[in-house]
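Take a look at the structures below.
Two complexes come next, and they have one chain in common, chain A, joined by chain B in the first and chain C in the second.
Here is the complex of A and B:
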């Protein structure tokens, strides 16, 4: 077991445990801050897949943008929950969670069953990708930049227009209604 | 060198946690967090398989696109959540069950 493997499994354990805590936590504020931890460790896992640019993007956009937005929305929509967190205890029983647990466990079982049969390393395009495999010393941002500006130029433009539309739409929906 | 199947197992587990959150949470923001978990699981798979695609790097490019789309989704969703809260004074999706005034 090398250091790389130990770090990878520790990080994935942190990600999965904090995700489980997020969904099982009664206190909303705690679960939002645990969501932080999950995103950080997911960024760590991206680094182990040799995608440092995606990891940095994850940190900048999710942790810097999405999480702040979520905390804002939480503060604006649940103020009474923040003032007395003890009163937020729901009287939801175990029966309320049973269908969700059942469906997600069954789906996880199906996925594990499929993955145990599937050997991704024996796919043809992966087995023949000896020259095409990233190595840790490669400069991924170099390849990524060239590809975004050539091969994926149309998706790039489409996604940028879509982002602009979404931001204008969000600002329009959330604006204050002026009294006439 | 970590085998690809381990990446897939981790992303399957994260996806199922997100599915559970979407199915059984009673707070719109927590449901949104569940959707983000599912998106992150998909992005992990994209990135893991992109390791064997150095020259085209399709997986990494589309992982970046997926992150950008997730950010746009969150902005719009939170604006909708704020409006729903202003109107119904709750963000519990099980209690918002009528369209009329």
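Here is the complex of A and C:
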């Protein structure tokens, strides 16, 4: 195995394990900090997919933004409430988990079915893409910029308008109400 | 396998540089504060107290790890490491001289910007893990401040990137000195590609970047949690903020993180706006000062001395200016710096289209 492969497996293992711990952890705050680990190793996996821009964007948006906001929401709520979440329902724990287990198993089954049924080499566009792939030393940001400003300009602008709406909405909600 | 050894060696060299820098920056800080307040500062250990911080670190190494009984032990122990690592990883893409850069990433600017924002998570971890209301309040204040000031800083950085037309920090530096492959114009009218020196720095290639640099500098003070933006550790209100409960090596790590953050933000600003490792001496006729003072060793010398000046300014400001209140701080960020930064970005676009 090359070093890249070892790194890939280590990062995937960290991502999977920490994601499992995030959902099984009783302590809410710890699971949020573990989520940080999941996102970080996911960013590493993105780098292996030659999507370094996506990896760094993931860090900026999820780690620097979303995660910090989530932690804020938790820190501002009651600590006692966080430590024992609805302890009254602990008796029927298995029944409690059943729907979740069912849904995840079904989803896993669907994924497995698709994987076994799919033959990537049979698609023509995948066979053709051999000549049209990125190399690690390519300047991906260059292609991204050109594509966003030409082929994907409309979705890009629509997303920015959506974000602007969210921003204005947030500012409006946070504003002090005038005395009448 | 050889290049893996090089990678590790580079990382070790950078770490030792940062550690030594932090040690002597603490000493310098104490001497600067003493000078400003008309005191002597540390005088006992070594000549003029120059070994004071080494004695301090020896003391800290021997101290016991104290974990408060009510603290969340894992978070408490992990926080200083995350705070330091987030800063230390930022050094990976910063160029030190021509051909002297750990990794010439084509997303360098974006990478540093992203990595630095991880520090906020470490600070929150420290604040929550300590289970102390002063720590938690300090952490909340610190993160609110860091997240807000990232916006003017980011927009100011973008306005510099728009002039340089690349996100690779090494290329940005290249385009500000005699080694540049493209032509550079001082203030947009005088071609200085052969002259170099300070005329070719970004802030003199496009003068509105001076404003952008000032915005970036103010925002970097806030991101380092330094006075006048030190409400996260306001001694008179919060003991010492998010690191109240830390002692020994962990405290040392938080301090190491703080001082390397000063160096990192200073260096990042120098690379983007002040010519990075380029000399400030221009070529004057047959006196090829710029050519003579460009090279790997000169590069390290120039960038380190520039960053020292910036860090010195940060210290000077810390001991001269009073602390801002929370509402003043947010007003300054959202109502003054952010619009100004956007204005700089607008001028950058026009400048790029019409002048360059």
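Structure notes:
The rule is short, and it goes like this: the second predicted complex is superposed on the first by the 153 of 180 C-alpha atoms of A that agree within 3 Å, B and C clash if a C-alpha of one lies under 4 Å from a C-alpha of the other, contacts with A are read in each partner's own complex, and residues count from 1 in each chain.
By our rule, a residue touches a chain if its C-beta (ideal position, glycine included) is under 8 Å from a C-beta of that chain, and two chains touch if they have at least 3 such contacts.
None of these values were measured; they are calculated from a predicted model.
On the superposed chain A, the positions of chain B and chain C stay apart, so the two partners fit side by side.
Residue contacts after overlaying the shared chain place A:75 against chain C, while chain B stays out of touching range.
When the two complexes are overlaid on their common chain A, residue A:33 makes contact with chain C while staying clear of chain B.
Contacts of A:140 after superposition on the shared chain: both chain B and chain C are touched.
In the superposition on chain A, A:3 contacts chain C only, with no contact to chain B.
In the overlay built on the shared chain, the residue A:53 is in contact with chain B and with chain C. Applying the stated contact rule after C-alpha superposition, one finds that A:63 touches chain C and leaves chain B untouched.
Here chain B and chain C are compared by how many residues of chain A each touches, and B touches more.
When the two structures are aligned on the shared chain, A:113 is found in touch with neither chain B nor chain C. The superposed arrangement places chain B and chain C with a least CA-CA distance of 14 Å.
The residues of chain A shared by its contacts with chain B and with chain C are 53, 57, 65, 72, 140. Against chain B, in their complex, chain A makes its touches with residues 4-5, 8, 12, 15-16, 19-20, 22-23, 28, 31-32, 35, 38-39, 42, 45-46, 48-51, 53-54, 57-58, 61-62, 65-66, 69-70, 72-74, 76-78, 90, 92, 96-97, 99-101, 103-105, 107-108, 111-112, 115, 118-121, 125-126, 129, 132-134, 138, 140, 143-144, 147-148, 151-152, 155-156, 159, 162-163, 166-167, 169-171, 173-174.
For chain A in complex with chain C, the residues that touch the partner chain are 3, 27, 29-30, 33, 36, 52-53, 56-57, 59-60, 63-65, 67-68, 71-72, 75, 139-142. For chain B in complex with chain A, the residues that touch the partner chain are 1-10, 12-21, 23-27, 29-30, 32-34, 36-37, 40, 43-44, 47-65, 67-76, 78-83, 85, 91. Chain C makes touch with chain A in their complex at residues 4, 72, 74-75, 78, 105-107, 110-111, 113-115, 117-118, 120-121, 124-125, 127-128, 136, 140, 143, 147, 150, 167.
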